[in-house]
Structure formats: C-alpha cells, structure tokens
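Pasting the structures here.
Each of the next two complexes has chain A plus one other chain: chain B in the first, chain C in the second.
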Partner chain A sequence: MSEAVSALKNAVYIAGIAEISEMGAVGMITLRGDLAAKPLQKAAVAAAGVNVPDQRQCLTEGTGGMAWMSPDELLIMCAYDDANAKLADLRDKLAGTHALAVNVSDARAVFEVRGPKAREVMAKLAPVDLAPASFTPGMFRRTRIAQVPAAFWMPQEGVFRVVCFRSVAQYVFDVLCVAAQPGSEVGVF
Partner chain B sequence: MLIVSCPNCGITAEETEFHAHGEAHITRHAADSSDDQMETYLFMRKNPKGVHFERWRHQNGCGKWFHMARCTMTLEVFGTYSAQTYAPPEELLAQIDAKRPGWRTPS
Partner chain C sequence: MSTRLATGGRLVNKSRAVKFRFNGKHMDGFEGDTLASALLANDQMLVGRSFKYHRPRGIVAAGPEEPNGLVNLGEDGTFEPNARVTTTELFDGLTAQSQNHWPSLEFDVGAINKYLSRFLPAGFYYKMFIHPRPLWKHVYEPIIRHSAGLGRAPKSRDVDTYEHFYSFCDVLVVGGGVAGLEAARTAALSGARVMLMEQTAHWGGRTPVDGGDIDGKPAQDWIDATVAELSVMENVTLRTRTMAAGVYDHGYVLGYEQLTDHAPEMAGPRHRLWRVRAGHIITATGAIERPLSFAGNDIPGVMLAAAVRDYAVNFGVSVGDRTVVVTNNDDAYLTAFALKHAGLDVPAILDARVLPQDSAVMTQAKALGIRVLMGHAVSSVQGVKRVTGVSVCSQAGEGAVLEEINCDAVAMSGGWSPVVHLWSHCGGKLKWDTANACFSPDPDRGPLGADGAQFVTTAGAATGMFQLDDALNDAFAAADGTLRCLGLKLPKGAKASKAEHRDEAPMAPVWLMPQGAAVKLREKAWLDYQNDVKVSDVRLAAQEGFVSVEHAKRYTTLGMATDQGKLSNINGLATLAGALGEEIPAVGTTTFRPPYHPISMASIGGEARDAAFQPIRRTPMYDWHNANGAEWEPVGQWRRPYAYKRGDENTHDAVMREVTNTREKLGLLDASTLGKLIVKGPDAGAFLDLMYTNMMSTLKPGKCRYGLMCNDNGFLIDDGVVARIDEDTWLCHTTTGGAERIHAHMEEWLQTEWWDMKVYVANVTEQYAQIAVVGPNARKALEKLGGMDVSKETLGFMDWADGVIGGFNVRVYRISFSGELSYEIAVDASHGQAFWDALMAVGADLGVMPYGTECLHILRAEKGFIMIGDESDGTVIPQDLNLHWALSKKKEDYLGKRAHLRSHMADPNRWKLVGLETTDGSTLPDGAYAVAEGKNENGQRNMIGRVTSTYHSPTLGKGIAMGLVHNGPDRMGEVLEFPGTDGKTYSARIVDPVFYDKEGEKQNV
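The block that comes next holds the complex of A and B.
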C-alpha cells in the first residue's frame, strides 16, 4: 500500500508570536446517530477511550479523544494507524442500530497553535469570543477560519488544535502564519 | 451585522457563521397541484419591510437548519426556533407583537 502522508508533512512556523505546526496524520472517525442511544454511546466510548462529551465540549486522553460536532454527530480521534481497526469495531458494535461511522482521517488536516499569544492569533481569524473567561480548555467550537470552515479546541491553556478539510490545509496554514507574524500582537487578552 | 443564536447547538455568533436560505413557512405544493399553486410555491415571496420569518442554516457550525424571525428594516433578531415546525411559536409571536404593534397587517 502507498505511504500515507499528511497534507503539509508536519510544516512548522516558529518565527511569529505563536508557533504554528501541522500535527501530521491523525486518525478521525465521524460517527452520526442518536447521541442519547446507549449502544452508540458505549461503542463511541470504547473507540475513543474517553466519555461522550457534553454539548460543545471535547475530551482527549493521549492520542484518543472525542468531540461534540452537532446534535447528531461525534468526532472520534485516535492514532492514524488505529483508525481502520476502530472503525471496523465500531461498525460491528453498531450493526443493529441506526448510525453511520466513516474514517475521515485522510480528509482532514490538524494544526496546533501554541504560545501565550495563541488566543490572539485565533481571534484574528474566527468570529468567536476567545476571551479567557469565555473560551476555556475543553470547549469545542465549529466555526470558520478566515474563509473556510474549521473547528478548534484547547487541550490546555495557550494551545489550540485546529481541524480543517485537507483540501484547504495550505490556506489555513498560511492564514495562521500571517495572523502570527512577528510584531502583530494586539494585546487584548 | 446580525447576532444569531443557533437553537440546535446553542452557539451565539455573528451572521458570517450562518447562511440565510429565504422565506420560511412556505407551503409545498406537489406535482398534482394547480399552476397557480405551483407558481405561488415557487416564486411568490413576501419581501416585507419589517417582521420577516426566514430559514437559516448554521453553515460553518453544526450544519443544522433552523428558523429565524427578524426585522428587515432594523435588522433586529427577534428569535430563532426549530426547523421542525410549520409556524412560529406563540411566545415568539407575542414578543414581536409587543415590539412591533400592528405588524400582522402590513401597510
């Protein structure tokens, strides 16, 4: 089989007010269905290694994690190489229920924005209130980054993980780098 | 700029995260209807100056549809409500009555 590579092959930008890096290949499974259904919850927890997150929340543990995407959608994260096995297991467990699980690892790109000014970099690009009191670690937000759809969360203070479509990975990396260029501190947070 | 609250995911954001999809509560006439009914369904829209009910979608967010009542003149958003309904909720209509007396009979 051909060698899987991420969209930007771990590109980094460290010259600016925050460090931008592409995270490489990350395993991602989209799971849609009735999020209140016990079989779906059980299968999702088994695949992700964390509990089902509350509305607009994200839980991560090592390489595993799960994010609340919409009232009927969860995003399960795992190591890239485990995605197919986890997907097969999920489908097995959900065979009798109305649910849909798809491996979307290769359709996505993941970035990290790190540093004390990470909030400012994100706030320049997304129409989201990123004040420390409003957006806290653990929250998950689907929105847009400049002109394209994206989602992000904070695994910890000062670190953002950004998920976008692979087809716009270069664009997202570029706008993040521009927003983080040296001397562009705003100083609002 | 409109500030919109999505009733599906509970996020309040400005309008660039959403997309408008035209007038709400339009009766769908199927293939066996008359030409007049089909014309009404396809083309006849209200375009009022004032209170307007619209379909919106949380395009860059949860991706779900919902309804919104807003004023086309002042851009005030009266409220949002579920897409799974044929008519605006009574409490929202009461709020609009209080803010825009006489809006139900357009001049």
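The block that comes next holds the complex of A and C.
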C-alpha cells in the first residue's frame, strides 16, 4: 500500500495573526447508535481511549479522542493507521446491536489554528460565540467555516482543531489564511 | 467665503498637514479633517450637481445625512463612487472627483434643465415617456441614462480585502454620544456583556460642541472619564468607526466597521462586517436636524445650523464671514454663539416664532450684539453658486421683502428629528411628538422578538429627549429596563449621571417659509436636494391624487436618493399632509429599511472573493488532472475534468479521441464525486424498498443493482447503483450532485416519518477515491497489477468484491455506465492518487488514457443510458423514460408510487424517451424542440417533443440524440423537424435509444 496522503500535504501558513496548518492524515470513525446503551459506550471508550463526551463536548488524550456529533452520533479519533483495526474491533463488540461504524479518516481534513489570535480568526468564519468565557477547551461545535460545514474544538487555550470534508480542504485553508491575514487583529478577546 | 479659522478645531491636529486632490486640484487639510471640512477650509463650496436640474450643490450637513456631498473617491483599484464627504475622513494622498456634471463642475450643460424646470414637474418621467411605448427602451432611456446618474461604476478590481466577524453580547448599544455612553456604562455595571458601536472616530456625539456640564464637570471630561472606565472593563467592547447598519429579527445586528478608510496604508482588511447577536439593543442614535423650506435653500452656503457650528468648533472652519441664522427653535442660537465666539459676524437671526417674551437664548444673543428678528423668515436666498445674501420677510406673510441682508452663509434649523431607523427596522412604531414637531419612537409599540418581548429600546435624543439631562436620565432608564428584560440587575446605588436643565422656549413647526409662500417661491423651496424634489412637486402629487405617503414618495422620488431622505422625509410628509389637509400623524411615514447608511458591497461579500469566492470541491486526483490538460466542468461544487486536451488539440477532438480509445483500448475515469451512502440496520432493506422504486431488499450480498429514486410527487430525483455489503448493510451510489441532497432526503424520511425504523445512514462519499477502469483492456490492466481474481467467473457483471490490487486495498464493482468491460474501483482517498498512478503506469502499453465527463456522456448515450439532469428535469417520471421495468409491482409502496397513479402521470399523452438520429449525420442542437403543424392558443408553434441529450458519436460516425417525444415509442422511423436557433431546421428520425451493442455483450465479457 502507498503512503497515505492528506488533502493538503501538511500545508502551513505562518505569516498571519495565527498559524494555520493542515494536520495530515488523522484516524476518524463515525459511530451512530444509542449513546445511552452501555455496550456502545464501552466499545466507544475502548476505541477512543477517553470517556463518552457530553453534548457539544470533545475529549482527547494523545492521538485518541471522541466528540459528540449529535444525539445518536460520536466521532472517534485515533492515529490514522489504527483506524481499521479499531473499526474491526468496534464492529465485533457491537455485533448484534443496532449501530453503524464507518471509517471516515480519508473523508476529512484536519487543520490547526494556533496562537493568541486564534479565537478571532475562527470568529471571522464561524457563527459561534468564541468569547473565552463562552467557548472553552473541551467544547465542540458542529457549524460552518464560511460556506462549508465544519466542526471544531479547542484541545487547549489558543489552539483550535478544525475538521472539514476533504474535498474542500483547499477552500478551508484559503479562508483561514484570509481570516488570519496580517493586520487583521480584531482585539476583542 | 469658507476658510480655516486661526483658532478652534478640537478634532484636527494642526501640526500635521494632509495633502489631497479634488477634481485634480491640490488642496491642504489637517489630520482629523473630514473631506467635507477640508473642502470647506479650501473654499470649495460647490461640491456637486443635483440629479435632475444639475443645480449647483454645496455641503449641507456634517454627518451621514448629507445629501449633496457625494464624490468619486480614489482611483483604479481603490475607486469608490458616491462617497459622502461628511463621513469620509481625510488622509494624505486622497483624490476625489465631483459627480453628476458635464463637462465640468463649474460649467455644466445639464444645468439648462433648471430653466426647463416648469416642464419637469413631479412624475415628469411617467407622464412624458410613456408613449409611444417602444421609444422608452430605444430612445428615452439611453439618453436619460447618459445624462442622469451619480457616481461612476468602478472598472478595476478592488485591491482591498474584507471580512466578517461574529459577535455576541447581552446588550448592544448603538451610538457613542453621551446617551450611548451612559447606557453602556449603566448596562456594564451589571456585569452584562456590552458592546458599544460609534459610527464616527470620536466618542461623545455632539455634546462637546453644544456644551453643558455632566456630573459637575465639562461634558468632554465626563466623556473621557466614561470611555476610560468602559475601556478597562472586561465585559465591554468599544468600537469606533463602526456603524450599526440594520436591526433584524432575533436580535441580529449588522455593524459596519471602516478599518483603513482613514489610513489606507494600514495593513489588514478595509471593512469588517460585524454580525452581532444581541440579547437586547439600545439605540442611542441621536437626532438629525431638519432643513427649512424656503426659496433658494439649496444654494451652496445654506447649511444646517448645527453643521455650521460643527465645522467651526470641531474643525476650525468657517462656512462664511457673515452668517444669517434662520430658525424656529432655540437650538440654532448655539450656532450664532459659536460663530460669534470664533470672531465671525452674525448679521441677524431670523426666528420664525413669535414669543410673548424673549427666550433665554434671545436675551443672550442680543447681549452679544446680534439682531434677533422675531416672526421673520427668509423670502429667498440670493446667489447662484454660493450665497450672496438673503431677502427677509415676515413668516406670516407671502414673502414680501422687508429687507436685504448681505451674507455668504445661511444656517438654518427647522428642529430635530430622532434617528428612528434602527428602532423601526424590525417593526418599532412611531408617535407624533407635538412639542418637538417630530416622529419619535412609541415605547408602547416597540419591535418584538420571538418571545413576544421588546428587544430594542431607544435612549437619549433617539427617544426624543433633546435636553442633556433628559437624555442622560433616559439612557440610564433604558439600560435599567434592558437589564430587567435580561433578568440582570444594577448594583445597589447605581445612579444616572446628572446634568443641568436648560431653560428653553418651545419650538414652532414651520413647514414652509414664509407660510403663505406663492408658487414662485415654492418652486425654489427644496425638500430633497439630491433628487430635486421641491415643495411644489409634493403639492402637485397631492393634487393629482397621490394621497398615500408611499405613493407620493415614489411619484416624486422624494427620499429615494442615496441619503434615503434623512433630511427630506419629515418636511416632505408635512408638506403632503398640508396639501391634503390632514394631520401629519394621519399621513404617517414611509418605511425605514436597512442599511441606515450605505455600506460597501464588498463588506457583505467578506472573505468570499478570488480563490475563496466559492468552495470548489476537489477529488484526490485534482492536481493530476490539472497538470494533465484537464478542461474543467463544474458539477455542483465539484470540478470534474470535461476532457483532457493533448498538445494543440481542441476540446472536441480530445473528447472524440477519449471515446474511441475507451471503446477500443482502455480509459480511466475519476468517478470519486459519485455519492456513496452507507445504509445500515435491521430495517435497512425495508427502508430502501421505500426509497427506491425497485426492490433492494432482495439483493444478495456481493451483488449490485441499478436503482431509481422518485420524490413523493413521483418525479425522478436520482439514480445509481446499490451494492449490498452484508446482511444489514447497503451502499447506495448517487449522482455527483445528489450525495448531500439524497443523504438529507433519507434522513428526513427517517427522522420525520419512519422514525421507528432501525436504520442509520452515513455519507462516505469522500472516504473513497473511485476510479472507473473501462475498455476491452480493463481486465488485463488489473491482472497485470495483480492481486484479487477479477475474472468473469469470479467477479461477474453486477458483482462486487473486496480485495487487493497492486498492493492497494480496494473494493471493486463490476458495473458499467459505458457498455464496455468496466470495473469501478474504490480505494481510500489518501491512496487515490497513488492508485491512479499505478493504473496509468500499468496501462501504458495497453493504451490507457484518462477520459472526462463529456466522453462519459457520449459512451452512455451510445448505450441509451439516461442521465439525471439531462433526461430528467424535475418534471419527468420513470415511465417517461421507459423505465417501467424498474418500478416494482411486488412492493406495496414506495415513494412516488401513489403519485404515479394520478391522472396526469398516467396520461398516455406524456412525452416519452426515444433515440433520435439526424437524417444527414449532423448533430442536433441541445434543447431543440420538435415542431408540428399549426399554432397553439398563444400563437406559438405547436411542439411535440424536445432533445434531452445530443452528441456526435465517433463510434457510429454520426450525430445521436435522445429526446422526449409525444407518442414517441409508437412513431419509430418517423422523421421530425427541429428548428435550431441558428436558422437551420434539422431533421431527425425516431429510433431505439440504444445505438450501440444492443445485446450488452461487450460489458459482459
């Protein structure tokens, strides 16, 4: 098998008010099912290495993590190369339950927006209250970045991880760079 | 003449000179000037020509209400038309050109219109140009377009960038005057998130000009202290140069921030559009002074009284050496005092009121040696391009001249109107305030939010509180009330800031000066400066039966210019009310719509320009296609290669080559864009049986089946191959444009109607790069790469299997949209390019060539396969396309089944799909109609069919097409006529739509 190539091959932009970088291939599994069911929770926790997140929450630990996507959907994150094994394991554990688990690692692009002005860059593109008191590390939003669907969370203060569809990776990178252009500090957060 | 004074000018930095050009002339100003103040400092009174009569126009106001001072600003990539001189901050190197004149501002040919003004009354255009009808389009309009119009349209690309910013707050205060500051200060005490927007670069509004003490200190000190207090509060956001342009439902407000207009050398975006969600909005938007309607009130040098003192106090600019003040209220006296204090002459104050005794300001004026003429008015203003004097008359009379006064400026004040725009945008109602002769917000009928509660409150002059102490109390109360609405509380002991009440005599409404002005004077008394609407025009409109204010507005064009009638509306409707013999409140106002003041189109676009204009969806092989001659075709937001051009070959030749090569050797198609939906669950089979017209539950794992989808009205909405993955999992392919739409369609039925079904759907379209390997050499290529068995025996037509090819983990579908031996192979997207490269390499000696969407279309058309969007258009049902075989008779129900029973759907007269073959081998024009003899009831040629797809087939060496034809399948062999738009008529024979390999042997090898 060839080397996995992410949409933008780790493109970076460092000339602006926040650093933008594409994270390369990240393992992601969409899991749909009854989030209150114990077997599903156990299987998800085993795959993600973190607890089941609450509504609009994202928990991460190393390369592992899990985000709340909807009342019946979780996004499990892992190292890209582990995704298929984890998926097989999930399907094993969930055999007999009504659930859907699929590998979506290649369907996505992941960006990092980093720096003291990262909140402002995000607030130019997403209709989300990004004030420090309103959006804190660990929170998760499914929203849009300019004209395309996206989701993001803050693993720590000053750092955003943005997930979008692979086909629009270039667009998302472009709008993030425009939003981070030099001299565009807003000065509100 | 207007000039710079030696003293005064609190907003300008006289130690920093700024150079600019107006109509090519070099001029000097200071840092802190507006373009208006700088022009006046350079004695540039004349700044433009009016729209209709091309009358000379000078600056009237000092803020966004300015109707006359509009210029073409900048050049090339920074060019902007209709820039308002009063809101344009001066910067070094600014260039501006006046508008609406020809050949020059000083000498304008169009000014002859003023001599024709008797023949250009209200509604002139409607009356004059309506007959004969064709002349409007071909004669009148082109001429009028040439002579009318304000700024020029920009011709160069805008060099600047723009952005949006999403912001949230509990309380948004609009307006940074003392009322806005007081409201923001009060609201912030509660800990609420407060945002304060001010449209100018300065805090405090006009109080520093008008004077007064707050909390025992000069207003400016209080303003500075309050701004300092607010700026250190964590919960407060302050923005100057940010105008709230509109209030929308759910507390949504657009703020327009001008970041670099005052300093174009700064890096960063030019404008930022704030998209604010506010819990509650306080509008402290102040008030706008009204002009007075007297003859010659449009001559340059006639200005609003407050503007005259703004220029003196704020910018150290005098509009004239001798200024006559004409007023109906006490406020205008402040102008006389300001001018006197600046050492200028005020020969007289003409006060239209007759008071029983002198008011306090009258006494003060007289003490300063100013003549105060009570009960007097302007009969007419003398001058052409600037004021040379006024003729004085009695307000009560008809204009008989009592006296001539030489002067070079007139400062007029007809009273003040609250800026109610933002209050009104979401439905806030107004009430008539008799004391101030203005409309003010009716607090009992405010704009209501989704919860039925009022979400906008006014404060200060915007409420109609014109006195400093009233304004501050009102602002405090507005904030207090707002906090209660939000469930918040002021801390104990919070108090309003205090000011002294000024002793004021009541104003008197004056809608025409003198009140009995004869028609000769009325014809020169302007209401709307920009659109040239006079008192006489509005009266004529009333006389002609335009009793509704909205109709009169459109008939006369009053208030329809770029200033949206900020100065003219109230005077205009008072004039209309007078002409109709109605009370002003009975006539009412026109509608206030966003934006309050024009905002740049580019700010609305934000980041959406150039590369970021629209998302373009790219497949994993996009860059390869781009580097290999792809001519792109947009398919939804995707870009797909239409054809790959080689050398200097043209597009048509490339397509022909690709078709022949795929039929004879080996073609590769990037099919990644096709939608892929995973449908899983114990009820997935039953669900898909409802979604598709044919049976999907009986499909065996490892097999594929072509399916059709209809909506509940029976119309065909999508098609594609469905593969059954395992006992309770299916993979549904959709069209390229259909993935998101069909995903949403499935979710909608699952969530709203069949919520009890145990089914989950996931869209995995982008997880895979999918490559169609097509042609007689397809199997050889895959066998050369090695891995899984792809023989006919193991992987038959309409089978699928997982395996490894060339070291890649793949899922292979034996499906064909071309009629050739074909494998559609899915690999994880991150390996898509590598797999494509491997196929190109292994195919090198098998004649491999990539092919694009046009080749795909021809291949499928030769086989008679339909294409969603060509053969279907939202009005076509499967029966029209002879797809009865895909409509299950066994199923009790599926989406569209019941609709197909409707009489129109079951009508045998529906046009049906046939093949079309031109009699001379040419290619039918796309979309051409087949015609029959005679005409229909609309006089149009009778039509019996239309072309849905048409191509030149290199395989068959002739034009082939598909079309929908009345009774088509029953008319095989018949020749139809298709008139083209090129003047030719094409003849085509009705044939079977399958042109190539009818038995399907080639795909089944």
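Please note the rule applied: the second predicted complex is superposed on the first by the 189 of 189 C-alpha atoms of A that agree within 3 Å, B and C clash if a C-alpha of one lies under 4 Å from a C-alpha of the other, contacts with A are read in each partner's own complex, and residues count from 1 in each chain.
Everything that follows uses one rule, which is that a residue touches a chain if its C-beta (ideal position, glycine included) is under 8 Å from a C-beta of that chain, and two chains touch if they have at least 3 such contacts.
It should be emphasised that the depicted structure is a prediction, and the values quoted were computed from it without experimental measurement.
Asker: Quick check on the superposed pair: does A:62 touch chain B, chain C, both, or neither? Answer first, second, both or neither.
Answerer: In the superposed model, A:62 contacts neither chain B nor chain C.
Asker: Would you sort A:125 into first (chain B), second (chain C), both or neither based on which partner it touches?
Answerer: It touches chain C, and chain B stays clear.
Asker: Looking at chain A, does chain C or chain B touch more of its residues?
Answerer: C
Asker: For A:71 in the superposed arrangement: first (chain B), second (chain C), both or neither?
Answerer: In the superposed model, A:71 contacts chain B only, not chain C.
Asker: Between chain B (first) and chain C (second), which does A:30 come into contact with in this model arrangement: first, second, both, or neither?
Answerer: In the superposition, A:30 contacts chain C only.
Asker: Touch check for A:144: first (chain B), second (chain C), both, or neither?
Answerer: first
Asker: So which positions on chain A get touched by both chain B and chain C?
Answerer: 127-128
Asker: Hey, which residues of chain C end up touching chain A in the complex?
Answerer: 161, 163-168, 193, 237, 266-269, 272, 275, 277, 606-608, 611-612, 614-620, 637-638, 678, 680-682, 758, 760-762, 764-768, 807-809, 828-831, 833-835
Asker: In their shared complex, at which residues does chain A touch chain C?
Answerer: So the residues of chain A touching chain C come out as 1-7, 25, 30, 32-33, 72, 80, 98-100, 102-108, 120, 123-131, 134, 146-148, 165-171, 174-175, 178-179, 181-186, 188.
Asker: Which positions of chain A touch chain B when the two form their complex?
Answerer: The touching residues are 55-56, 69-71, 73, 127-128, 141-144, 149.
Asker: Along chain B, where are the residues that touch chain A in the complex?
Answerer: Interface residues on the chain B side: 8-11, 13-14, 16-17, 59-64.
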